[in-house]
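In what follows, structures are represented as structure tokens.
First subunit A sits with subunit B, and in the next complex the same chain sits with subunit C.
Let's turn to the complex of A and B:
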């Protein structure tokens, strides 16, 4: 039944469906690179999705919608950062409370926008490029949100690993005390990148309600994405490109799930949604094992095992989750 | 007396802040705030039947909170409590399905409780092992296991245990009434379940305060390195605390299945596991405060069910109030420690 055309359309679907997850994973990667865990992802995606839809509907402007989504995302992330950095409360606690609170706030405030038709991003195939066989369909037949998500992968990588500001960002995440002694202010850097990461998370929410799953409702369809993005950041070893690859893998599994459901009709689609989480635990386990001397000795003359361990040898930013104290 | 007043002032300031925020939110959504509060109050404490519903929500939250107190004491963020509750419910459903049609329903109910505790305990134990042996942070392990548990519940409802005819989100088939926990007719909650929750509060309080286990949990939680040098084995106590928390969460799951819904549902945990984390934080990790806070949360949850019917508002207002309360508490605590320094 499947032929060439079907595969390119399938891959195009994977790339389009993954766009919000890529945005959220990139945002969280940036925040965690600075040493801060923003656990509020799931709720803040929903709240920004709601805000973006409501604003776009009221003003008739999609740009205003995306902008308000980004602002909401940045505000929630900055709240986590502020509580952690300046009020010295547990990041995990604040992030967790916020994820529950913002989700409920989204449902509450969005009640009157439920199941209302609204504006959505229109497709924008790129002329000429879209006519390239196969690749044209896969990469250049989308809308602006998807192109943005593709460009941001490269931009984040370049920014984090190839610029002076990115070096400072990583320094703060690895060792804030050392960064401080080199004249960098960890508190300001963490606040800044929490907000930047939050911005991307907010854009992820906005692209849900204005593009991937247009409209608002309870449930919206974006539920659980935040947790998936958190899992993908770990799976990607805190590397933006690997994280994006993880997002595409997940999107691929989801698309595959639709096909698989035809083969196993008794398994509900939601079960396939679970896949990232065992993978996340497995990744963390392998990362821990890869650091152990005994495991490395054991894998020494097994080429395949060595490759697996090398792939998973990414480590978390040194100061991740540990708030910087300037005493 | 002075400290009492200061404490009182703190709570008053916090409540005023939360009240102001919630009122603002209500005004934004175009509703009358006073009317909303009135309906929440009437919907939760307005009649004996409603109070019975509140107690039904209070029981699982209190059970989970007691367990969470132990894991918090040793310094663990047992976010997996939600999945532990679900696995308790799954194990219970398995046993009650066996018990359907037997002539010893009480025996099967008792075993269902044991199975529930075992299911929750197993899930927590895996997360504990991942932490102690695998170096996996308990938050990520717990979160992952929550979603796996949710997947198992869905798979069972739509696959193995689906209703004859059509499988749906409304859950598995109802158990025969002899496998339900018996109710007091006037208030419609199970005295056995209530007793169990009260017992859990008392036992947790006694254990944490008067036994070596409680002391050691605190010692490891506040300084794992020093505790290790003293000869305590943190790994063993981590597993113990996780087993205890998971067991209690599992029993909460058992009660959700056998007493509240009489079947397995996709949303069997009703978010009570996650809410219990908020309850414990808001109680400032104090067992004497937990039952009261859990009761307040239960009132909000049950009362807000009235909002969609009466005022066309979403019932999630309760979650907003609960979240803002905890945030305000965290801010007040920060301010307090700032003043102290």
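Let's turn to the complex of A and C:
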């Protein structure tokens, strides 16, 4: 392989590498749409990664591994939700403490599985489709986890914006008191979607240790993903498709960094590693501009600019982070 | 449906919001619940609507005693309520708002009562994809709108609607759910005269169809105009009842124990130029503010009239230095103020009191005393608690706020919050900008507030206030500016105009 960049392979790498971030961002988007913030993401990804690897290794079943990851993710998220909804404690405090606790728990319990060879998801190129030039390599030469992450983007969007249950989910995150007056139970909905979101976060962890960065160790390589996913949800304006786009952009910048490092060996490696973060801050600037009245008026007659602004505009669910109280 | 409320109690700790209320609501009538702020009207209605749970008493619907604990259960019995704080979803579309809580049309896998009710039980019916039933729901909404002469765009987000339109949407939604008893809590607050007319027409139509309408209000004119029966509440008990025709003086006596007198324009002679705007435009709100030319003098009380969102809100914020004008010149006592911020305006003695008391005027979670601490801008690092507590105590007494220095502000009632905000005003402001100072206040509180405000003009203060009540403007202002679509279309002395001229000017008709 020369220094020449094959675009299709690069993009395929982006899509494969982003799968866990996509899953985690989707999960957190679902949870936050219901009005809850699950700050425990970073730790619960690690714990579910460890559990998934350990279970898959002991049982020899990848499915059992993924399942246990999802259960761990859902349990941690449900704990945050329960403390907030029923015990009326701070989501931020509980989420933060759980993130530290689950991380340490993962390292402690996973000690004996460190650097042990284990099972991993095998590639499954889709026959016929994989032979389409360019697109075949980019989209259809992956494993099941990656395909699932792609399908889940569409499913989450469809569920949130096109089903009655999704409408109720948005309603609860927007104004739980009003939802209550219409016969919807905000507490149950919030618990439910916290767990659903947690499930996806758990799957993100599992896909790290069984697929993207196979195996367990300290560090595993998944560290920090949770915080990035939390940020991506905000950059994505609480919209599943935009959040996924954010995850791919992040992954793209990381992969690009690796390529560029090969081309410019004189530039310190850290420069490329840090590059995504200023870009994320820049996105926030665009989001601020998109909400400004004067900018909107300026873009009024410019079709192209209007579309860009629309993409970057997103508002948080009305009741995000505010615990609902009955009576 | 005949509804009997028997000996209803609701206690919050030692406070008895409802203390043994009994009343009967006849089918096919419009029943008014009248009372001043804090009389227990909203509490009683929320109990009837299932939103809060009663401490004691019984509700009989038709012939059978009814016990329910949730709004969804009440609406299954045919009781629906339009809450004072709109319980809707601003970021969702009109259609989504209309749909939420309603049964899905032709749900494929539900037996009978799916949708709203099973959701209350905790199951989430996925239902058919929204698109499937959407056409039918759209139809239902437009049919209902046509029936009541409402105009609602189903795809607009609810946050772009006026208060009146949001009300209309809620009424249609409740009717679509098959409501037989409609409760409206202060529906005439914050809506235009035209919208009020349309609302009253709709309510009369519904009553003629045999539905029960319950109208909760502290505005005696509205209740007397529309209702067949009136029950007056005072301090959580029934003070009296009356059938049509009504004797307003008697109703006032029941509300307050004595009829309050009404304030009148101060008639003070205007002094030197205070605020001058030349060709001022600004963007924001629904219409923006366009080419505004105004001179406000000392000792003047100027009312801003207009449909909500016609530019009055923006005018006040431009005058306060909060929103910068995009064109034109703004001067305070001959000093050019363009490009200066709110704090510079404050130093010139400009004080702004916004209408959303909790959002912009008060800080939830802080006590009354702490608000005074912030206001004083004490020097030094340590809080001088006793000094602010004393100051708070003094002002609480002077402004008759029901509370003590430690009371958190969010637990005060609307009228008390308004009085508290007034108590923050400095002794000698140059210009007071007040947004809906009388909103949500009963006649007695409003009277007190205006008497207090008028006393400022003796100290050369100019006052500009916005109000949706033309009567209030005519009663207290010396001059009125009428806003329409962001323009000031009339600038009149109140003594040379009347309510009919103002009402048609608000709607854009200038004779």
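One rule holds in what follows: the second predicted complex is superposed on the first by the 272 of 327 C-alpha atoms of A that agree within 3 Å, B and C clash if a C-alpha of one lies under 4 Å from a C-alpha of the other, contacts with A are read in each partner's own complex, and residues count from 1 in each chain.
Criterion: contacts are C-beta pairs under 8 Å (C-beta built on N, C-alpha and C of every residue); 3 or more make two chains touch, one makes a residue touch a chain.
The structure presented is a predicted model; accordingly, all values stated were derived computationally and were not measured.
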Subject >> Partner chain(s) touched by A:147 [first = subunit B, second = subunit C, both, neither] >> reply: neither
**OP:** Figure out whether A:171 sits in contact with subunit B (first) or subunit C (second), or with both, or with neither.
**Re:** second
Original post:
Just subunit B (first), just subunit C (second), both, or neither: which does A:109 touch?
Top reply: first
Original post:
Which partner reaches more residues of subunit A, subunit B or subunit C?
Top reply: B
Original post:
Now for A:189: first (subunit B), second (subunit C), both, or neither, which partner does it touch?
Top reply: second
**OP:** Name the contact category of A:252: first (subunit B only), second (subunit C only), both, or neither.
**Re:** neither
**OP:** Considering only the touch criterion stated at the top, classify A:230 as touching first (subunit B), second (subunit C), both, or neither.
**Re:** first
**OP:** Applying the touch criterion given at the start, work out whether A:271 contacts subunit B, subunit C, both or neither, answering first, second, both or neither.
**Re:** first
Original post:
Which positions of subunit A sit in both the subunit B and the subunit C interface?
Top reply: none
Original post:
In the complex of these two chains, what residues of subunit A are touching subunit B?
Top reply: 39, 83, 87-89, 92-94, 96-98, 100-105, 107-112, 218, 224, 227, 230-231, 234, 266-268, 270-271, 273-274, 277-278, 280-281, 284-285, 287-289
Original post:
Contact residues on subunit C for subunit A in the complex?
Top reply: 49, 51-53, 70-72, 75, 81, 83, 86-92, 96, 99-101, 104, 115-117, 119-120, 122, 124-131, 283-284
Subject >> subunit C contact footprint on subunit A (complex, rising order) >> reply: 158, 162-168, 170-171, 174-175, 177-185, 188-189, 192, 293-294, 297, 315, 317-318, 327
Subject >> subunit B to subunit A touching residues, read off their complex >> reply: 25, 28-30, 77, 79, 130, 134-137, 139-141, 143-145, 147-148, 150-151, 154-155, 158-159, 162, 167, 274-275, 277-278, 281, 312-314, 316-320, 322-324, 326-327, 330-331, 333-335, 337
